[in-house]
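Input: one structure, supplied below.
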Amino acid sequence: MAKKGYVEIDSQRCKGCGLCINACPQHVLRFSEQFNDKGYHYAELYDPDDKCPGCAFCYYMCPDVCITVHRVTEERVKV
Amino acid sequence: MAKKGYVEIDSQRCKGCGLCINACPQHVLRFSEQFNDKGYHYAELYDPDDKCPGCAFCYYMCPDVCITVHRVTEERVKV
Amino acid sequence: MANVDKIVAQMPKSLSGKEFSYCPGCHHGIVHRLIAEVIDELGIAGKTLMVAPVGCSVFAYEFFDLDGTVAAHGRAPAVATGMKRALPDRIVFTYQGDGDLASIGAAEIVHAANRGENITTIFINNAVYGMTGGQMAPTTLIGQKTTTSPYGRNAKDNGYPIKMSEMLSTLDGSAYIERVMVTTPQNVLKAKSAIKKAFEVQIKGLGFSMIEVLSTCPTNWGMTPIESMKWLEENMAKAFPLGVFVDKSKGVI
Amino acid sequence: MANVDKIVAQMPKSLSGKEFSYCPGCHHGIVHRLIAEVIDELGIAGKTLMVAPVGCSVFAYEFFDLDGTVAAHGRAPAVATGMKRALPDRIVFTYQGDGDLASIGAAEIVHAANRGENITTIFINNAVYGMTGGQMAPTTLIGQKTTTSPYGRNAKDNGYPIKMSEMLSTLDGSAYIERVMVTTPQNVLKAKSAIKKAFEVQIKGLGFSMIEVLSTCPTNWGMTPIESMKWLEENMAKAFPLGVFVDKSKGVI
Amino acid sequence: MIHSVIIAGFGGQGVMLMGKIIAEAAMFDGKNVTWLPSYGPEMRGGTANCTVVIGDENIGSPVVDSPDILISMNIPSMIKFEPTVRKGGIMIINSSVIDREPSRKDIKSWKIDSNKIADEIGNSKVLNMVTLGAFAKASGLVTVDAVKKALDETLSGRNKALLEMNVKAVQRGMEAVLN
Amino acid sequence: MIHSVIIAGFGGQGVMLMGKIIAEAAMFDGKNVTWLPSYGPEMRGGTANCTVVIGDENIGSPVVDSPDILISMNIPSMIKFEPTVRKGGIMIINSSVIDREPSRKDIKSWKIDSNKIADEIGNSKVLNMVTLGAFAKASGLVTVDAVKKALDETLSGRNKALLEMNVKAVQRGMEAVLN
Amino acid sequence: MKMLMKGTEAIAEAAIRVGCRLYFGYPITPQSELPEYMSRRMPQVKGMFLQSESEVATVNMVYGAACTGSRVMTSTSSPGFSLMMEGISYMAGAELPAVFINVMRGGPGLGDIQPAQSDYFQATKGGGHGDYKMIVLAPHTLQEAANIMGDAFDLAFKYRMIVTILVDGMIGQMMEPIELPEWKNIEEFKIPDWALTGTQGRKPRKITSFDIDPYELEEMNLRYQATYKKVIENEIKYEEINTQNADIIVVAYGTMARIVKTVIEMAKHDGVNVGLFRPITLWPFPYDKLSNLSEHVKNILTVEMSYGQMIEDVKLAVSGKANTPFYGRSAGVVPTPVEVLEAIKKIVRR
Amino acid sequence: MKMLMKGTEAIAEAAIRVGCRLYFGYPITPQSELPEYMSRRMPQVKGMFLQSESEVATVNMVYGAACTGSRVMTSTSSPGFSLMMEGISYMAGAELPAVFINVMRGGPGLGDIQPAQSDYFQATKGGGHGDYKMIVLAPHTLQEAANIMGDAFDLAFKYRMIVTILVDGMIGQMMEPIELPEWKNIEEFKIPDWALTGTQGRKPRKITSFDIDPYELEEMNLRYQATYKKVIENEIKYEEINTQNADIIVVAYGTMARIVKTVIEMAKHDGVNVGLFRPITLWPFPYDKLSNLSEHVKNILTVEMSYGQMIEDVKLAVSGKANTPFYGRSAGVVPTPVEVLEAIKKIVRR
């Protein structure tokens, strides 16, 4: 099944507050095992079965504006 | 007919604002012809036919606390 | 039978007897007398502290036979707070003009009220800065000409006549707030019982109490004392409706 | 057929991109983003002036890609007034905390509102002084422990949580006042449209507009960001009911 | 030479304006001049006064301990300022309000029935200009033309009649000194 | 002689308390001592540090440009302070969090797996006391008894168990230095 | 053509003519005629007058207006000036230009409303916190006051500093014939390149007195100090009246200097040759000039309407090279020419 | 028995022990621990702590509490102190005793929160309006700070003056072992005969800084001036460290003096004999003593955490008898012993 959406998270900017993880209806966000340079376990997308529709709930809640949300749509392209 | 009441007005304290005169229901107050030391025509009682019952309306309105109100009553006095 | 002569009304004991510095017909004097009468009747003169403002009533501390001081312009509620916190069993009241209370002193009165500071404030609203020569106050009416609103106050530049009693009554610390005027013997008596109520609220420790008195400033309004009272009743009393805005004393007093 | 990848949400243009100085999970950041989104959508970035407060958001002027300054603690409304009077056709907004706006700045906000000063204020109410280490704010809840109310705020000594939106909405100059929170994606969107409304009110020249945002301070509340949001919803939102308190835009916008 | 004048009376008597007209007139006469009002709450209802200093050279202090000339418009100000007038100085008294004699013998005094004269002219308000006329005549410190010019300036915009009435008042005041 | 210590790490790692206990212990050892925190919003989430100066004579400046000893609890503070340590000085590294080697060769460094040891003791919070123990042993600046006394003071009122656990942590930290 | 005007009004009209179109203020005696005049006049010249809720608000409104690069001013008297100290310190730190008028009255506290010079320290040393300075100008006639307004605004913008006109109730309340300054064409003022006007595409501008990093803040402070040095080098102003071969030199400013000018004439009759040194810039104070003068005279008498404030700057200038007696009265009492003359004679006859 | 305490907390606890039971204040770094401590402690000793809405409110609350004759105090840092200037001037005029703490930080404006000494002028010359003075004490260790609190309240009541403790963020934030002062029995304080307590039969008492008649106000001012004279005669305090036969005398106070003490030791190794003159009372400043010292040494170096404020008092004292070089940094940057030593060597080696 095709990807409908995904998010990029600026892992260095992230402070690991977890508000995005808490807000994600698809539960496809989690804390990374890694520390970033600030010493935080940053948030990362783990979406093996492409659940993320790009609803942007995570973006709405992120206090540090770390998240960029993408939506992927199929469109007829003129050739 | 006997005096039921009367007022004393501190003519030196008076500033001639006329609030008492304006308030007197019996119209027994008026401005004096004289100036007081402050140079004001002070208020004075003119009550030839003893109309003043000592209602104290003038007192209530006086901004400079110039007025002392008396009431005269007939009382049986033990001898 | 003999005639007995009783004095039914005279200078209250709590006044010092010093001549007032106010202009002829100025309502400051009436309110002073009412406060003194209330203090006499409640028998609290010996334990009452007064805080005078900066304004025409800056001299007020001289006119009362009470311990008293003058606060910096607008800060009377803070000064009174300091006194009350130091001596909680004393009665502390402030006397403030509208420039003093509503303009420069807005923060101090708001927070005294919000803290439920157990003090009483007598607020003289005469829609103008009297002392300094009749400049616009926050309480000045729309269209009213003053020395700093020579073309008449207009809402766009200067905003609106501020209703302090209404505003302060939204605060949970306010226990009693009423607006009165003293233009007739009848409403003078109403004003007196309002002031008495305010002091009783403090005595009972119910919190912040304030009486706003709509007052005249014949000198700066450029009217005779009698005209001023008419203008007050016909204009100010409409912009600033009389009434009780908070009363937490119900049942308590 | 081809897959098209669209970015639907990202860092707004009106933010400078500088990393926020706030603690993890602090709501200041969410509100910053919402303001920037609104400014982008209204296309007013080029003519908007920002006044930052003294508080944790003292750095806010750095975080926006706008001309901006920092006002003295509590005086942002006065600074904004000076700017707006000098440049009436610019958009001027202040960003203030509850200590800044409700405590030391009470007089300035009251008079900006009463003048109907045509500015917008974003008011971050987090029931505490964040910047200085979690002291009691006038908005601190009854019973809430802070570094200056170690035994919990009690009404007798400290008065009551002050409801600024309710108080300011009694003033005739207030055109739009609403209280919101940002604890869920849903109410984040509500908060955004409130902020947009406030700016639109200014653009239309209707007068003073303010949005009060109930916000978390995980650090000084001593909770995790998630716990804080729960505490906010269960406690603060009860003491400070959400809603629109004034709306003079009806029919106009 | 430097000359000083103190003008004192009730708020309502237009003493400040009187002082301003005198100062302005002196200015038009090409003199240096200062005008200093009493200010503050002592004005409340009570008495007001102003000090005018006129000189050929620059004027240092506009404050005056002992004036050369006193114009006293009511009893309180006469009581307050008469003793301060410089020996050989001049005092103009508004006898309509002041029912008493000057106590100083070492100064020259003129009693002017200003209110009455003003009423005769038909406007009680111009009593200050009547007094000003008397001052001008008695002191010779300002020329009539300069006073007229000053009045003209101050009343500019107002109707002609008012100006003429004021000028008349000044003249009547000057005459009053002659008698 | 005067010795200076800088203790730096995350807010949550109890670096301030560590510094206070060290200072208090030195005091109980009869030394002069000052403790100076970093303060202000840079603490927001980020790193915190404090400076302890211990001396026999009076201590003038509590500010230290180059410490004799550095206790670094996280990478940022190691990056920031390692270069400032005085030649021949000492650095204690919390190797549980710091996954890198010291770059200075002219100072003596000890790597302590503080978090792990704390977990072994059964309370991750005592990681600061483990580190403190290591510091005490490595520097010899404070006696164990004094540290115990300081802990006793600070935890007075709290339950005995907590105190013992902290003391244990200190001892384990000291042992860690020996290996 | 000369006009008879009140000091406060002369200052206000002069300010308008030199291009001030923004006034914020709060009434206080003895300067309320200034805001009153502005309230009448500003609407006529398309300017803006706003009566603020307090002096604390005033100074911060001025801060805001100054951020936009506009010519803005305010006026107050002693207690009101004290309330502005935090804001003034902020403006100094933010390097914002504006003109303040302090029409001094008797203090301390509520004091009275009569003329005084007891806010000299506050204006020249820094009544607010931190190492900052304002340019302080002290005119002694209404003509000088009117003339100085143009310089005041020019200096404020040239150095991005506050310029304070320090006068007293006498200057504020008296009338004198004056020649008003020429009208300046406000269209010709260009908006400074630091002004907050909205980015309109360009890089954002920030104005602040703040930097959490002490080394950054030190940089800012060193910049202020460099500016102050420039002002000291270029802007010192004073007046001298027969200071050469004088028996005694009197140092006085403002109203007090006026009075001393009268005293100089009186003293001639008594055969005493009195010189006057009148600082026009109180900050920067003319230390060097006065230092030179002190080498050729035995006594340098400072006369103030205070209990001795400027005297400290006089002593710093003289630095032991001459006697530095003092005569002053304060609290609203203005020394008369006679008493100043007596003070002088006592010293000279010693 | 010695305790390790923070400066702000040591001051607070000492104040309570010497009888202060009323504290009003508003948080500000670097002294918020002081109100925080008071909020915990006051209820335990039946005292009163109130967090005010602002520093403007604070100073006026202190005014009100002081009117009742109680021992009241507050604390703040630089910007907050600036907001208190009007109220302080009022208290000086009303002759009200109280203790103020200013824990100075970098300025001007918002500045930063690091230690500074740039509010010296404000505290010693009068940041408020009018001719007034406060007694200004500058402890340099926490022990001295704790000890000085008793004197502070005693002086305040003895002279009916404000006493300001002028320290910086360093003293406020650091910990040091200290011996706390003895507890005073507050029952033994008697209510002053000027205090407002309610007439209870006696004559009413009035407290004000106001008299509309300048001659009356002058009387009041002359009374203040007489008090100040007494304080100057009786209360000057300073510390001297080998000022005799020193190659150079350094004048410094508070934190800066601490650092100089380190420098003295360092200098010995370089064979430079450095003396320290440390004013403890900044007002009244020890002019005479320093004047004497300046006769026997070539260089008197002033070192401050400012760009030169106390230096003016040093120059007034020295009055040309010695060189008066200056070294200072400000804005929250604390000069290190090393750089101060360098500055000294440069001068000595000249």
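The first chain written gets the first letter, and so on, giving A, B, C, D, E, F, G and H; residue counts start at 1 in each chain.
By our rule, a residue touches a chain if its C-beta (ideal position, glycine included) is under 8 Å from a C-beta of that chain, and two chains touch if they have at least 3 such contacts.
These numbers come from a predicted model, not from an experiment.
Could you give the fewest steps needed to travel from subunit B to subunit F through chains in contact?
3
Using mean Cα positions as chain centres, tell me which chain lies farthest from subunit G.
A
Once you count every C-beta pair in contact for both, which comes out on top, D-G or C-G?
D-G
Can you check how far apart subunit B and subunit E are, centre to centre, with Cα atoms defining each centre and the answer in Å?
The separation of the two C-alpha centroids amounts to 39 Å.
I'd like the Å distance between the centres of subunit E and subunit H, where a centre is the mean of that chain's Cα atoms.
The computed centroid separation for subunit E versus subunit H comes out at 56 Å.
List the centre-to-centre spacing of subunit C and subunit D in whole Å, with centres computed as mean CA coordinates.
35
Could you check subunit E for residues that touch two or more other chains and list them?
In subunit E, 40-41, 45 touch at least two other chains.
Taking each residue of subunit C in turn, which ones touch at least two of the other chains?
Within subunit C, residues 22-24, 58, 70, 72, 103-104, 106-107, 110-111, 131, 138, 158 contact more than one other chain.
Touching two or more other chains, which residues of subunit H qualify?
Each of 29, 50, 53-54, 56, 79, 86, 90, 94, 109-110, 112-114, 208-210, 212 in subunit H touches at least two other chains.
Please give the residue numbers of subunit G that touch subunit D in the complex, ascending.
On the subunit G side, the touching residues are 22, 24, 48, 50, 52-54, 56-58, 60-68, 70, 72, 86-87, 90, 94, 196-201, 204-210.
Subunit G touches which residues of subunit C in the complex?
54, 58, 70, 72-74, 99, 103-104, 106, 129, 131-133, 135-136, 138, 147-151, 157-158
Where on subunit E is subunit G touching in the complex?
Of all residues in subunit E, those touching subunit G are 20, 23-24, 27, 32-37, 39-40, 57-63, 65.
Under the touch definition given earlier, write down the residues of subunit B that touch subunit C in their complex.
2-3, 5, 13, 15-19, 22-23, 40, 54, 56-57, 59-65, 67-77
Taking the complex as given, what residues does subunit H use to touch subunit G?
Per the touch definition, subunit H meets subunit G at residues 56, 78-79, 81-83, 85-86, 89-94, 104, 106-114, 116, 118-119, 121-122, 125-132, 208-215, 217-218, 220-221, 224-225, 306-309, 312, 315-316, 319-321, 329-333.
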